[in-house]
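Per-chain residue numbering starts at 1, and chain names A, B, C, D, E and F are given in the order in which the chains are listed.
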Amino acid sequence: MVYITRRERFCAAHKLYNEEWTEDENLSIFGKCSNPNWHGHNYELYVTVKGVPDKQTGFVMNLSVLSKLIEEKILSKIDHKNLNLDVPFLSNIIPSTENLTITIWNELEKEIEKMGGKLHCIKLFETENNFAEYFGK
Amino acid sequence: MVYITRRERFCAAHKLYNEEWTEDENLSIFGKCSNPNWHGHNYELYVTVKGVPDKQTGFVMNLSVLSKLIEEKILSKIDHKNLNLDVPFLSNIIPSTENLTITIWNELEKEIEKMGGKLHCIKLFETENNFAEYFGK
Amino acid sequence: MVYITRRERFCAAHKLYNEEWTEDENLSIFGKCSNPNWHGHNYELYVTVKGVPDKQTGFVMNLSVLSKLIEEKILSKIDHKNLNLDVPFLSNIIPSTENLTITIWNELEKEIEKMGGKLHCIKLFETENNFAEYFGK
Amino acid sequence: MVYITRRERFCAAHKLYNEEWTEDENLSIFGKCSNPNWHGHNYELYVTVKGVPDKQTGFVMNLSVLSKLIEEKILSKIDHKNLNLDVPFLSNIIPSTENLTITIWNELEKEIEKMGGKLHCIKLFETENNFAEYFGK
Amino acid sequence: MVYITRRERFCAAHKLYNEEWTEDENLSIFGKCSNPNWHGHNYELYVTVKGVPDKQTGFVMNLSVLSKLIEEKILSKIDHKNLNLDVPFLSNIIPSTENLTITIWNELEKEIEKMGGKLHCIKLFETENNFAEYFGK
Amino acid sequence: MVYITRRERFCAAHKLYNEEWTEDENLSIFGKCSNPNWHGHNYELYVTVKGVPDKQTGFVMNLSVLSKLIEEKILSKIDHKNLNLDVPFLSNIIPSTENLTITIWNELEKEIEKMGGKLHCIKLFETENNFAEYFGK
């Protein structure tokens, strides 16, 4: 079993904001991340797939195929977007780094399976100091 | 003459959008950077000051003083903000990386002079692939 | 279960030196790391906490709270210090990267539990080429 | 149990090419990586060893010893080489990142055991976007 | 005057080898970089253009246009290629990092001028430890 | 004229401390950098040499020769040392990043000239946030 990882990047706006709370309550919990007029990040996304290398190609999965899949299913929908307003698969979800890893896992797991791969981990950097990882359970 | 540099970071939302143009015209020039609902970045700001090291301290300028100045004059006003909406010194300015370097220079130059320093360069990374530099003229 | 990680940094002096050995014996085992007059590093510390994201906040743990905890319990005691001389929780411990990860785990585990988190991993870079990880057992 | 990691780097040429296929078939599967005249990479290799820190040294394994072992067994044979033509332990193996991690594991596992260490992981970056990991099974 | 920079990357094989010398002479001057069977690198290319930001766009030059130009004139010809064998504009040139910066400058200068830009610097990293810069004279 | 740069790294202990001042005065100016028991850093040193590439080699200067020179004249004297106590060419000099760049320039300039090179810049990172540059005047 070998684990291969593809890094992709996207830039997006968001705010951490619970609509059921007042602006002050949001400020007290989320700090400056609750700024009503948004802020944003350069996200780094690491998608890890596991499997046995194919004898003909040496590949667990063709990373060029994986890259196109991430582009089609994820990046085309969230790059240069507003994560609170523009992304169907994030509607009604607070776009914390944690929730983003779970949501991206859910969007990719079956698509990767169709290509013969097995998703192992979604890792997402919000900044160089903060990141989250999700392994599907 | 020695050049010293302090790196600081901030996260902000923006869009590249000329209000005198239609949405389609903006899209044709600015591409996905014109997304009406914003996007954002982790910016890296490098502030370079030049001078002769002081004999008592070995410092051109105390970088801890410089860091506090950048925090007070720049970061407190743009970190976790919307560069098109929230920042007084950016009003009516398209927040391209180029314009940001000029504006930050203008905010810092005299403040650094008051502390005995001489500003040499503002360098700003928008992403790991794109950055701008301004030397004051 | 999602894993979130906060990176913090500190600068410290140390030497690798067993007081029960002669200077030559130390040199033969620890090489230039045994320099009696010390050397030092820019350390990078990654603290990983695991849990289920809260429904109200989307957070496994507020990383701003985690950052303050690391500052209070670890950084305030080891940043710009001598790891062999200045740090109570390192007394009588050879400050190898391995021992630092175990010691930092022991200082943080219960404090993070008090805040409702579950510590998963301490990862510490001594240089860009050398790092250690500890998972609590 | 603590996990320690040593990073080493090497530069090498390779192509992804199945000799049983035509040039066109190779191009359709491997894309530009099949260029008959080779291309190459700056590889980053991370070797992770696990164990209990020694009481006298604080070390799981002396990283200076590990570094010399990697130099002798791996780097001296693949740095500034052609992975398809020059490396005995890669003969008849398609030099994908996946296969490289397995092959390097096989070269190092017993040598590290002789030094009293237990190999845990081989991680290899081909570019900043692509990497593979192998844990020995 | 503001300076903007676009980073691009490519992977290529090369050797440092003077065809007028024996293999031994090449080895004595170029060391392991003269390996007859090639080696290779992940190159990082930084292209800097200078100018006054446009009032309508805030741009010195549209970096998306610059990126496409670099792709068309440089990357499509050298990415995943052999710098000694495959690249018309490098024929009869020893592909040292120095020579690559001069050659890339010559390929790009007029093309950038046609787009209204003024090339300022070509900077090329061969590894994280080695790079060259050329300013056109 | 092409500019080539070699990066080298070293780890060292130091403190910022003016012996003519009291400990409190040092603390008020140098902050935690004045810790009497030292602290330390992973320094990154960039040495830039300028010249015209040689027709036979494509080199401004052989970077392998430059690397050995930096090792012999600088690294062997400051790596894993105490910059206040152990280094002859730093005696009676406050080891600020600024003073280190000037001192390293003075140690290297003539040595590089003997090898046919022309030193252009010494750049030194103390941390990822702080660096200094010196161009010889």
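Observations on the model:
Simple rule for what comes next: a contact is a pair of C-beta atoms (placed from the backbone, for glycine too) under 8 Å apart; a residue touches a chain by one contact, two chains touch by 3 or more.
This one's a predicted model, so the numbers in the text were calculated from it and none came from an experiment.
Shared contact partners of subunit A and subunit C, listed by label: D. Path length between subunit B and subunit C in the chain contact graph, taken as the least number of steps between touching chains: 2. Using mean Cα coordinates as chain centres, the one most removed from subunit A is F. Among the remaining chains, the Cα-based centre furthest from that of subunit E is the centre of C.
Note on A-C: its contact pairs, compared by residue number with those of B-E, D-E or C-F, agree for more than half at B-E.
Although subunit B and subunit E carry the same sequence, what matters here is overlap: shared residue numbers make up under half of all numbers found at their interface.
Subunit C and subunit E have CA centres that are 41 Å apart. Here the spacing of subunit A and subunit B, counted between their Cα centres, is 28 Å. Residue positions of subunit D touching 2 or more other chains: 128.
Contacting chain pairs (ordered by label): A-B, A-C, A-D, B-E, B-F, C-D, C-F, D-E, E-F. For subunit C in complex with subunit F, the touching residues are 9, 11-14, 32-33, 35, 37-42, 79-82, 85-86, 127-128.
If you check the complex, the residues on subunit F that touch subunit B are 16, 18, 29-31, 93-99, 101-102, 128-135, 137. Listed in rising order, the residues of subunit C touching subunit A in the complex are 1-8, 53, 56-60, 62-64.
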